[in-house]
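Which chain is which? They are A, B and C, in the order written, and residues in each are numbered from 1.
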Amino acid sequence: MEIRESWRRAADRHPLARFVDLNLRGASQVFLQNNPLTGLIILVAVCWGAIAGRVPQAAIGAILGLVLGTVTAMLLRVPREPLRDGLYGFNPLLTGLAVPIFLRPTPMMWVYLVIGVAATTVVTLAVGNVLRTWDVPPLTFPFVLTTWLLLLGAYQFARITSGALGPPTLPHGVDPRAAQVHVTGAFLTPSLLKDVSEVFLLANWVTGVLILVALAVNSLWAAAVAVAGAVVSTLVALVFGTSGQAVAVGLYGFSAVLTAVALGCVFYRPTWRVALYTLLGVVVTVVIHAALNTALSPLGIPALTAPFVFATWLFLLPKRDLAPTTHRELPEHDIVDPRVVDERRGRPS
Amino acid sequence: MEIRESWRRAADRHPLARFVDLNLRGASQVFLQNNPLTGLIILVAVCWGAIAGRVPQAAIGAILGLVLGTVTAMLLRVPREPLRDGLYGFNPLLTGLAVPIFLRPTPMMWVYLVIGVAATTVVTLAVGNVLRTWDVPPLTFPFVLTTWLLLLGAYQFARITSGALGPPTLPHGVDPRAAQVHVTGAFLTPSLLKDVSEVFLLANWVTGVLILVALAVNSLWAAAVAVAGAVVSTLVALVFGTSGQAVAVGLYGFSAVLTAVALGCVFYRPTWRVALYTLLGVVVTVVIHAALNTALSPLGIPALTAPFVFATWLFLLPKRDLAPTTHRELPEHDIVDPRVVDERRGRPS
Amino acid sequence: MEIRESWRRAADRHPLARFVDLNLRGASQVFLQNNPLTGLIILVAVCWGAIAGRVPQAAIGAILGLVLGTVTAMLLRVPREPLRDGLYGFNPLLTGLAVPIFLRPTPMMWVYLVIGVAATTVVTLAVGNVLRTWDVPPLTFPFVLTTWLLLLGAYQFARITSGALGPPTLPHGVDPRAAQVHVTGAFLTPSLLKDVSEVFLLANWVTGVLILVALAVNSLWAAAVAVAGAVVSTLVALVFGTSGQAVAVGLYGFSAVLTAVALGCVFYRPTWRVALYTLLGVVVTVVIHAALNTALSPLGIPALTAPFVFATWLFLLPKRDLAPTTHRELPEHDIVDPRVVDERRGRPS
């Protein structure tokens, strides 16, 4: 607690410490948290997963994206408060991470990545201004939109080629044999942890554990809700009979984990009604994920976190009508770190 | 008239009668009407068409969707007035109808249907809040969006399979021989009636007759405009040379019928200028319908009533600029039942 | 100067002169200018390019679209000021130009064109009302949306057939040999001029020269920025390795030229910061162009000026946050003709 306090004082005084602080908060904002320690552990988790998965360039891209995106935001003279909360850091971080995972790491790719990161910051401002009309945050949509454009564009450029995309195909039903899964603890445990790590496009259970630790450091409740989101989405995907292989690497869970955290503990005060509403939101996230997999199949690009974004928007937008039952204020019981909720008000919504 | 009056008094007093009343109004709102008797006849028409077409599960799904969607809206504590006008009933009704028509009626399909119906209500609230900015109603878009997601998602689930979808194909021009149609009364009459019945995804001329009766009960003008919409759209589709088979089963008319009712007698006061404007709107609906058939062909999903929604939005949005020539007030001549227009003001716009 | 003054007086007094004046301004608004002489030269340039390219019907369609679109706007009683500035002319002009370029010039095509032109005006009003919320102009989006719908629809109509579309294919990488370009002045000069002429879907360097003259008549700065946009986008496309054939006919430059003019001299006051921002905007336009080429490939329709529209929107929307650094007021140095900026305020934003 004392270390936190002295770090906060340092960040208030020294520009460099402040810059490090807001970048770390940016990393934590991927999971809608606002805590530099959470961000630090998340960056360690991403580096571990990238190196273990033999894509170290993804870790470099993530950190480059985080820093360059923040610097771009500063050059564009964005408002001070959301900048300090890391709200201009998480989308460029994800763009910087995704580009080297899907495209071959040539020098030209790094040029492309830098352009994409700067564009992500502009898109964040644009989308934020549009969504402010309805008091809804951009979430990770600026990352999704920019990365989709970069990946679709790559098909037209001979010097920017894909390592892991496509090939584009017309949609076809899933093979029933692929849906035959022998569900055991040995199958479920790593796949649930990968649901968490796949938020960063990495299928690594250690990364998943580290991210849960990072969440728990800021809010035990957030970590618990994340796990619940992974469990529910995995069960739904298995019951409906999606490919067991996709479930095993966490591909049906990562968006649902984010939806659960967003609806279940960040934007609504946790109550039984909200828990049921979040449950429906998580199930709908799985359906949207499946729908986007089908819809994007002829284009040969991945859904990224779009299912989380679309589902969360749909479940946040009714909030005016739901006013008496929901709110964004501080929960009365202290499971959620007050600072989180407090500081999130700085979000440009 | 007396029966109507006593029914209205019963609905005011008894909760169960009120619940039945608002569900029947919900059924009538598919055609932008607000009249329980119209809704009742429409439900009979749907049941007839579903049983005659050997998809009785579609009738069950429609009624289940109507009731469950309304209940979901109540659980979400939506505003009272639009609830009573049936504005939270018609979209879930259509979702509940569409799912068993396009997917095989397994037990898992019914689970999927219930999730989809609940989601439709959330989407209705979300879309309504977004569109309120421009004073435009959601129309049937919540049904269209939710059903598209459910059908696209089904491609990824081995236990939810399609009976009547796809297969996805790249677009190709229509065969000129398919456009050779010998236009006779015997060809035109049933296809015009199916234009009306296809609003409920059923190609059944008796259903079409019953729906026209249901409209006429509430507003002769609405029934007349619906027929005019069917005639114009059928002629346009034939003149441009679309497939005669598609025209015969009403596939180019149902969205146009709804556009005609929306522009020609619900949202604008009928005048000569509005009649011409509606005529252009109906023709544009046919073009949008053709365009969506092409655009959705690689995804293997149907256009549903999206052409109606998009065309009507495009022709309602200019209304601020058109202010002196249009309005939503009570027409002075009494062709349109005053209650309809009166009560539609309760619509959450 | 005196001729200009006497023309303006004539336009104020005589309805016919006013009608001609606002149509000429409409032609100039394709390049975001507001000057009847610029419009006149642009129309000459389009006629030249259409005749030289053996598509004279495109010139007829353009003029028909301009006049009919303006008349439709008058019938819909649009606000007076933007009408006089030509803001209801440029989108229908482009629709009228595009339809005969992509579809075979049969009598039925002309019917289709007239419907499309009238629809473009309705879409302009609709899109303008939506975008007014964020103080962003429709740009050429009404043309893009309407033309996409017309071209997609044509696939379903046997009597409206395509001359120059498709065929729809799944996306695939560009052949590295196609990206081998021997960049010389003889390659670059015509391709840069075609970047300008392709705004009107014509690959003709004389048309490009005439359009630059038309721009210079109104604003030397606009002409210079247009050339800079062509140079930058061509270099970016070549460096990333797109097909040399596409660059040669100007296919990667025309949207970027418009983005450069919009961001670099119309909507923001030219400063070094704005120049860098515009540079990023032009690069992003090229990426969006490539992305749309991929995304539209399964539908067999062209990107048209959508990359310009989407990039410019993304770079205009942050302007509230950028308030201290940007503005729309009169530049202090007189490179930009004051009347342009002055009169553009009449734009319905």
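Note that a residue touches a chain if its C-beta (ideal position, glycine included) is under 8 Å from a C-beta of that chain, and two chains touch if they have at least 3 such contacts.
To keep track of the chains, here are their UniProt names: A, B, C = Urea transporter.
In this text the structure is predicted, and so the values were computed from the model without any measurement.
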Chain contact graph, described as a line, ring, star, complete graph or other shape: complete
Type of chain B:chain C copy interface by residue overlap (half), same or different: different
Between chain B and chain C, centroid-to-centroid distance (C-alpha), Å: 37
Where chain C touches two or more other chains, by residue: 133, 170, 298
Chain A contact footprint on chain C (complex, rising order): 133-134, 170-176, 178-179, 239-243, 280, 283-284, 287-295, 298, 313-318, 320-322, 324-325
Residues of chain C defined as touching chain B within the complex: 76-79, 108, 112, 115-116, 118-119, 122-123, 125-130, 133, 148-162, 166-170, 298-300
